[in-house]
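Next come the structures, one after another.
The same chain A turns up in both complexes below, where it pairs with chain B and then with chain C.
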Partner chain A sequence: MNKLKLNSSSITFLPIIVFIPIAYELFINFHIGGIELFKEFIISALNPKINNEIIFTLVKRLNETIFIAFFSWLISIIFGVIFGILSSEIFYKILNLPIFLKRFLNLFLTFIRSIHEIIWGLILMQIYGLNFSIGIIAICIPYVAINAKVFSEQIENINLKTIESIKQINGIKSSTLITLVWTPVIETFKNFGLYRLECAIRSTAVLGLFGVGGIGTSIFLSFQTLNFRELWTYLWGLAILIIISKELLKNFNLSNISKKFLNSFVIALFSISIFSLSYFVYYIFNKNEIPFISINNLLISNFNFISYDFLKLLFETIVLYLLSTGIAISFPPIFILILNNKIGITIIRLISFLFRLIPPPVLILILLMFNDPSISLAAITLGLHNAAITSKLLLANLHNQDNKQYIALKSLGAAKRSSWLFGLFVKQANSYLAYCAYRSDIIIRETAILGVIGSVGLGWQLQESLSSFAWEEVLVILIAYSSIAIIGELINGKIKSNLT
Partner chain B sequence: MINPLLELKEVSYKNKNDFTLNKVSLRIKSGEKIALIGKSGAGKTTLISILNGTLKPNKGIVKLFGTEFDKLNLYQKSKISTIWQDLRLIEDLSAEQNVNCGLLGKQSFLFAFKNLLNISSFNKAHQYMKVCHLKKSIFSKNIRKISGGQKQRLAIARALIQESDILLADEPFNNLDPKLTSYFKNLLLITKNKTKIKVPNTTLISLHRLDLLDGFNRIIGMKNGEILFDIEKTKLKKYHLNEIY
Partner chain C sequence: MKKIFINFKRILVTSTIFFTTFSSPLNANPKVLKIGAIPDQNQEVLDKRFNLFSKELAKNLDVKVKYIPVINYVAAVTGFRRNDLDLVWFGGLSGVQARLQTPKAIVIAQRDIDKEFKSVFIVNKKLKLDSISNKNGLKKLKNLRFTFGSENSTSGRLMPEYFLNDAGIKIDNFKGKRAGFSGSHDATLALVNSGAFDAGALNKQVWENNLKNNPKRTNNVNLFWITPDYVDYHWVAQGNLDNRFREGFTKELKSTILNLDIKNPQHKKILDMFNAKKFIEAKSNDYKNIELIARKLKKIR
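Let's look at the complex of A and B:
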């Protein structure tokens, strides 16, 4: 009997087996109680509410979203650059500083990166209450660390010999450092920084669902009152904002802009960010002093681990992550393989667009209309949301790929699906899997959001502990989340380096 | 006795397993024009890297102006300029920005910042680039888009603009045609300096081409990480060359 040989293509399809336990659990938890509501939800998508009042609210909420997203993007990019430089080896080489400082900083950044902005948002809201600043700070905390990692990786790529040659000129250390890191920083900003603005808009929308403000808050309030027509007005508004921002960024061709302008732009961003940060620091430390007292309770904690089933929640979170990742990896290629024609591709594009547009917390609330809360429900929500993102990338890469082999296989009489699989997909499998490994880092962090809404895993316990101001429990949960994320990141890093 | 500008005492450098320099001693005095010759792998590049402070020797002492290298301040260290065999220019910066990098040792942080923003009003780089036969049309070009010969001349311009006292050059005439080779040899050895720029009057140049030895006043031959001979140019005989090749 032939043994199954594992290669990039088979590894891409294998995780589909996660659908078996998911389908089973979803089937036994299925009920028809919310079918009517679901029908209304679908119909409302084509019939959103449009009147003066709602358009006014939509514009106001979109303005808030843009404000929060833009400032959190701006601050996180600038501080991402600063921390990226501080966490790169070149900084310690040029300034002759002990390398343990870099390791300490990296550990700190890994910790704050591993915790989702929603969790930061929930914690800050519990301490400081609802306001714009919380949204910006909550997004900035993990985003600064994520951006720092990307900038630092690019700075580390500077040729060692170039470093030596500039060091040998023996200029003042700050001049040497800025001369060496300038180009990788600017290039990374061009290739990665602008894309982060779109991420910030999405994060703002999701944070809004938890009450921070912006379009997300309106979406959530509409959902709570089951006003689906109003809900779709806001969702379409968000879609338009994302599409416009994407198109603007796409056409914002940095290579056509003079270097002088770009450089002035960077300086302006830096100045605004410093000003903004000082404002927020002032705001926090001058208006909200009392809640910090409750954090001091940590030192006199009487927290009991056995008071709730901590290990079970931890296990649930890991299972949720594995199931969602399985769906995100294998769903897009299998869907394209099965429906390999123009209509099929159009359908997957449409589904992908909708699942990216509707924030996962709203998606799970929709699915809860005809299913009980469970890990499978949370997994299918998170999995499909991420599958929408991986499918977008896969479709784009397949579209840009040379199709000579596909044509050659078809001309040999191979079936359309076989030709697609061996002529097109095989070439993409490696890079697709590498991207999925990166995506799974994000999925680990996102399990928190689904946990909070879908009553599974540590996310649920976090919500409970936050509501009861049990800061010692919150700290344990944060450490648990962070540990899972860091271990996952290490494993995914190994996978990525093997694949690329 | 005149104090040497640069001095190595019993310097050894071990690279992973092998000695690439073994107990090398050397004194370089002001005004000397030294040619460093030897086969590939003889230790010439390692010696240059130790002389400019890029590599730290495992054993021995390196002194500049009579002071140990580690005890020198940045200003004193900037008295040495280097032309690297692999040029080591900064990719993605323009030709002019790369040449301006040579001034980092003498200028403030603001200059470095202005240079990166491309708003430097300093014309010194233009002067040095013109002397190095670089046309105005390439001043603002990204160095990825210029030829190997132009990059070589940029590396020379970057080293010269430092206006150092000592120039260390590792195969500086690579990628240059015979006419330019002759021009730059004369420029670096100040045999025919008709330009207004300051050229270091102490030079150590690593060479492979023996036909370029004219104009030097001292020849150092290296083999297997050791100095086999260190003699005046006039005393160089064929058997010296046979020893190292």
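Let's look at the complex of A and C:
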């Protein structure tokens, strides 16, 4: 790299500059006040509390987690495929439907996607009360939309000429559609759908932090009282769950999808719809109370929201987003580059697993032991958590790629690091960036949950408004979130289409 | 391979049916008295306290009683509004919030100590701050890292913030222009004790309990100031219990709670866990002042 050219591999390294302001702010805010607590936290990791009672609770909570995660994953995949097909151009081309329907559907999906599952959870809790199933619904809403987007993007890749030629044969439209979509759907399911289960488990854990049940509830309750040994019992439990589910799915061969499997899908779909319908009917007839008590106030309320320095909060949220995205993009390649040997990679894998495992709200509370609350602190937390996720993907892709070029470069006498950079990483840079663009959509949403605890940005105000039951403020904040997320998604979409 | 799929199918179908039936709303039993409480302390303590209390109620009232733990103050208020909880141990602020949202709710009782409840301000010993005698001394907390308890806690946030404001200190005056929200009284104590925060405010009851039973957590903390008194915790019940259980049920419930007697060893256990000598009558009017303060601090709008 004699000259720094702006290509996709240098772009992946460039965002590291956000670390300069972050490091500066973290440095001036640093204090060693919490060192004792932190020591306790680390020691407890190796010495979790184990007795009959806690194991019993752990198993119960894990069961709840599996339940919520599995069902929300299943539902969101099924409906994700359905909506994915409905929002792809091919569907409208084959059935000769007007295209504005697609735009309308896309807009709707973008909106529900733009709000984090936790916020859906908090809102649903206001409507349905303390109910176990709101966890599932809360995760499903944004997940369906996210899955729909991914599936429809893959379906869009089908060659339009194939459609034309099939159309000319005059086959039955629906079967044409299914034949066409089948392969990309199954492929995407293999590459992406299975990974979503892990996401669902993690989401369930975070959702529990806000009172929906599952392992997150225990994690948060034990953390809230700084009972670290108990906390680690639950965290390791969650870790085991994630590892087991991953191993199970790895051995799950999808090429043999049979009719029976399809049948069971249909049955599942059917009972789930019945189930949700029964709920709907129940609530309509049994609780004929207006869900938001102040829904009337909402309409007549005088918007005195400007007093909350709304613009400042908005600005903070955007800064938080940019900083943490910078970290999430640039940290993985840099660390892999620096620690480019077997031990180094193993260390990276281990640390990133820990950062994925510990829910961001807990992570920020730990970091708060050493630092005053600030945007940088929230940004580094969110950034590290997401870097752990992007690094996992990057490592997996690098591992799967053939390394002929790398070996060739190395045998030519190039240094190990530069041959890694030019032999291996360069090929991955594009797809890595594309994935990061997708990830940054998620980061926007996640700023909400961190703000709650790091007391920055809109997230903090959201919590404050929710706990004061000030619905008009909640509404304004949600609209603000939604618009940031939608704008972000539009920009990311442009970036992505430039990359491919 | 086929076998796995058949198994998978079976698992899928059975679990779906299981899920559908068990989570069906028709399954909910309306004859269970559901008790809740704001999670202001260690969950273990709360579990023990309210399970014991539930047993006593069940024995006296001859109904099924179930304690449902909730994760935060908002959830407790919401659960009460949505009829998911019948009888809830609220703080001053959360109780007022809940009653404003559930107009028919009834105040059942409070503890003897709730009539004149207090908060304490604590500081880390390293700061070498002497305790103060009146609220004006609170100015010494300027530019320190300060933490409250939960956002909606009366003794951990509302009243301390009120007294701070009274002394001319705003949240902006703390370090970083923010105050932390530790989530619970125990956490506030632990965070200040460790030095993660310089100072904090918490429930006097929790402070005294820890002084007595948990010296490790109070080693590095000095008492800074004890606030004047105000009313706090109270039991709030739904207004429709008579319809749901039987005529006069609310009255029976109330007298069961009020009749807990410290001379009875079984009752003493419960009262000890509540840090009280007895429960006393309470009226919703007692909490007017809390409501006013909450409105001033925009916790109620």
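Just so it is clear, the second predicted complex is superposed on the first by the 393 of 500 C-alpha atoms of A that agree within 3 Å, B and C clash if a C-alpha of one lies under 4 Å from a C-alpha of the other, contacts with A are read in each partner's own complex, and residues count from 1 in each chain.
Rule of thumb we're sticking to: contacts are C-beta pairs under 8 Å (C-beta built on N, C-alpha and C of every residue); 3 or more make two chains touch, one makes a residue touch a chain.
Note that the structure is predicted; figures quoted are calculated from it, not measured.
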| item | value |
| --- | --- |
| Contacts of A:198 with chain B and chain C, given as first, second, both or neither | neither |
| Touched partner set for A:36, first chain B, second chain C, both or neither | second |
| Touched partner set for A:368, first chain B, second chain C, both or neither | second |
| First (chain B), second (chain C), both or neither touched by A:153 | neither |
| Which superposed partner A:179 touches (first chain B, second chain C, both, neither) | first |
| Contacts of A:166 with chain B and chain C, given as first, second, both or neither | first |
| First (chain B), second (chain C), both or neither touched by A:187 | first |
| Which superposed partner A:221 touches (first chain B, second chain C, both, neither) | second |
| Partner, of chain C and chain B, that touches more residues belonging to chain A | C |
| Contact residues common to both interfaces of chain A (with chain B and with chain C) | 260, 263-264, 267 |
| Interfacial residue positions of chain C with respect to chain A in the complex | 1-2, 5-6, 8-9, 12-13, 15-17, 19-20, 23-26, 39, 41-43, 68, 70-75, 77-79, 81-85, 97, 101, 124, 145, 151-152, 175-176, 178, 180-184, 186-187, 190-191, 194-198, 298-301 |
| Of chain B, residues touching chain A in the complex | 49, 52-54, 74-75, 77-78, 80-82, 84, 86, 88-93, 101-109, 111-113, 115-119, 162 |
| Chain A - residues contacting chain B, complex | 159, 161-162, 164-172, 174-176, 178-180, 182-183, 187, 259-260, 263-264, 267 |
| Footprint of chain C on chain A - complex, ascending | 29, 31-37, 67, 70-71, 125-126, 128-133, 208-211, 217, 220-222, 224-227, 253, 256, 258, 260-261, 263-264, 267-268, 271-272, 274-275, 278-279, 282-283, 286-287, 293, 368-370, 372-374, 453, 455, 463-464, 466-470 |
